[in-house]
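Both complexes below contain chain A, partnered by chain B and then by chain C.
Let's turn to the complex of A and B:
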């Protein structure tokens, strides 16, 4: 039965995987992580360095140049155009996922590329967000006709926090990793499915924005805004009240997780990548076993496969959450700790760098290879119908561009860097939460275990199967 | 009391990491023997929609020659992903591949059954591992 399950590169059918990281590198990586961790334990700075981000505005002229109305209209139009291009290519283009603009654009260029931009430049997606652009245009037209701004009929229930966005992100990943693999050969994600999903999400988002207000929904429910917003907390740039400013990198993340659902969002980020890595290695046999059992019960192969994968996806998310909460519970054993829930929220942001590290380690090579396709044949021939708009339709992906060694070192470096950054943020937070550096250090032995667990899990997954 | 428990937790973490390491290191040793010799071509027969004997593993190092004969029982396109080499063959004929492994990674070899000139989704018949 196992031979039915083809290794899909993240539901994208690229036909190439990374070699698993070799044992010696795994050993070096894991040792480095442990050494770094013990050093981190012994270092104790006395004052919190990240409790305020030291934001200060850049010159008025530069700020206006980058965040001005004209720029906003152009970026918004680009966003709407790209959304339209995805829907059009998905519906009118070829069925072959790897040759259709829609699939690679949504799941690689947008989904991974926007994370990189968010970390480096801040909340770039806000400017390009097609749903924000559409809603604001419609709002402006409404104001013109009605003579007054539209006031949303419902108040957003604050206790829902970021949970609607978490649901959106999990659904997006589920489509990519579970729905796309039918189990009956290398099907990959159908471009028409991507187009349908984009249309459905557009309708859902615009309705929610009408009900709760554009800005409220962007901050709480619009999955991509909230997801990229999380990564943008690490960035050295932020637009505050319309003014562009520079701030200390990483520092803004400190207060990010106060809103309910934030822990779930970081867990979903790490859990999704973990599942993608595990489904081709660690989980492959259990998924196959459950598949066999479900088909014995009379389920069709596609339904059985999706159910089996969904179960293990849910288990992975639960497992990642369990590791984090175990660490928080450990910290709680220290006398004078805050309540569990509050403590959990105090440290959730320390997992953002781990999430970034997981993404970088798992998708670095896919991103480099798929972007070659994006900017050559998928650009010149977006529908896969033989057109050649920019003369690059006949170029291909150069798989020789990255050697296996380069990929391995990038992966291990990403995980170790994420680990160190996470420890840094956690220690800094502990000083504020626990008051004195001594107790902060003691509480941090638990966060250290959490970080070591995540980093070694990341390394372990890469050493098993490097999908 | 408190700090002893913490120290125990820390030790447990260290031990867990060591155990993990040991398992992985040991697992790696056993899997080295499956290398296919590259002198003779690897022969794969594709029958009733699946490769006979399951998906074949072909392990080579970068720069090695890869020789591969695939014989499907249907008209098909045999395709080495990544290297983007494709051969069309009639039912029962053999698609012969002879190329140098220049890109590192794990690549799929697939048989795409040709139906009325168009191709159906591919079925993997081999996994080409090109190590550095």
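Let's turn to the complex of A and C:
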């Protein structure tokens, strides 16, 4: 996570008080909760409840009030304004990342905050998406001038699926975790770099939208739309054909991973958080060793650091993918199982709650602390030039808001809740895939293994970076 | 002399975190093998 809040990401500033039991016992306890949940699901969950999401529209009036044209224009304008504010603050504001609106807004408020909104309220980002708003405005002007709508010149290759979005998310995380925290004074994420990246991404997105069509690119290639869209599958609200409706929470996720690249996206989500935790603990020494070797070979320190971090980032993504595929391969041992790839896609959505759990566990304290900065001094003095727009420029961050033990308990609770939810989704899916609850339960021993592995890994990483 | 021990905390406890994973893995493999064996025996019995 961004360098200025790095020590806060896992509560390092506040030394953890003695826990009533050793930290590793929490991993045992969490595993026990998962095993008990597995048994309970095997006994009590006999029919699939998530095959259909049971979407039903709310009243026309309420729907129009929330999703109407006027609201769409206002939210789109807010999105464009915030994108402009990031670029302007990045280019014109102070070079000090902790005092510039752009860095905290992009990597904390937007990156983490939008995940929370997506889970609670559905695909909120679609309404605020600045690139969608710009493209639709340009499209409307084109239609006015040309007298006909713009038709995209290229057909999107369906086999690419969500892979362009995966590439975008990995690139974003790489900038955040590797480029930004290269650990040396000479490098790091400058606000101007954030602005340049935002401009480059804007140009890339608008070109892609022109070539493949706005909606197609939003569903497949626009990294943030696809990323937040994934989390919104868990939400109880969805706009369908322009009408707001209520649906069964979690249920929409069941059919989410049919498109190629979906597994990679959810693996990238978990892997990036895992790497962020590991680089402060588990990977610290190996990264240092590789750095030494590379500098011995004559590579400059910055290049050596970024290369070593990139190698371990890639290894982490591969490791997370390996855990998932090991579970899927295990399920495949059950007679009459579908083909491996099909089975992989069938259960990929069960990793979404784990992605949420990892994000919550790793960044909960960072979010609480950084948002205090965001809505006080960074709001009043976005450029860090001494202005005080709302009278909150002199406010600070209250680090006493959360004790280190509170942070730890929230982390444990987030991991357990996320993995039990994943287990629930997996069991429900298995009933559909395997046809009867008995076979479903037998197949799910392997997903239990996946869930226990991710839980223990998460707690180990947190104990390392917290300790 | 104490320097190598400074990094011990990074690795020292990992077996304790790995233990639940190994137990579930062992249980999954053992049950799968047992089921396979019994289904093979069942098939043999039927073919006789």
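Note that the second predicted complex is superposed on the first by the 419 of 467 C-alpha atoms of A that agree within 3 Å, B and C clash if a C-alpha of one lies under 4 Å from a C-alpha of the other, contacts with A are read in each partner's own complex, and residues count from 1 in each chain.
Please note the rule applied: contacts are C-beta pairs under 8 Å (C-beta built on N, C-alpha and C of every residue); 3 or more make two chains touch, one makes a residue touch a chain.
All values derive from a computational prediction rather than experimental measurement.
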item	value
Which of chain B and chain C A:35 touches, first, second, both or neither	second
First (chain B), second (chain C), both or neither touched by A:379	neither
Which superposed partner A:463 touches (first chain B, second chain C, both, neither)	both
Contacts of A:368 with chain B and chain C, given as first, second, both or neither	neither
First (chain B), second (chain C), both or neither touched by A:282	second
A:27 touches, of chain B and chain C: first, second, both or neither?	both
First (chain B), second (chain C), both or neither touched by A:160	neither
Touched partner set for A:396, first chain B, second chain C, both or neither	first
Which of chain B and chain C A:404 touches, first, second, both or neither	first
Per-residue contact with chain A, leading partner among chain C and chain B	B
Residues of chain A that lie at the interface with chain B and also at the interface with chain C	23, 27, 330, 333-335, 442, 445-446, 448-449, 452-453, 456, 460, 463
Touching residues (chain side chain A, partner chain B) in the complex	3, 6-7, 14-19, 22-23, 26-27, 30, 34, 185-188, 330, 333-335, 365, 396-400, 402-405, 442, 445-446, 448-449, 452-453, 456, 460, 463, 466
Of chain C, residues touching chain A in the complex	7, 9-10, 13-14, 16-21, 23-25, 27-28, 31-32, 35-36, 39
Complex contacts: residues of chain A adjacent to chain C	23-24, 27-28, 31-32, 35, 281-282, 284-285, 330, 333-335, 442, 445-446, 448-449, 452-453, 456-457, 459-460, 463-464, 467
Contact set on chain B toward chain A in their complex	2-3, 5-6, 9-10, 13-14, 17, 20-21, 24-25, 28, 50-51, 54-55, 62, 81-84, 102-108, 110, 121-124, 127, 129-132
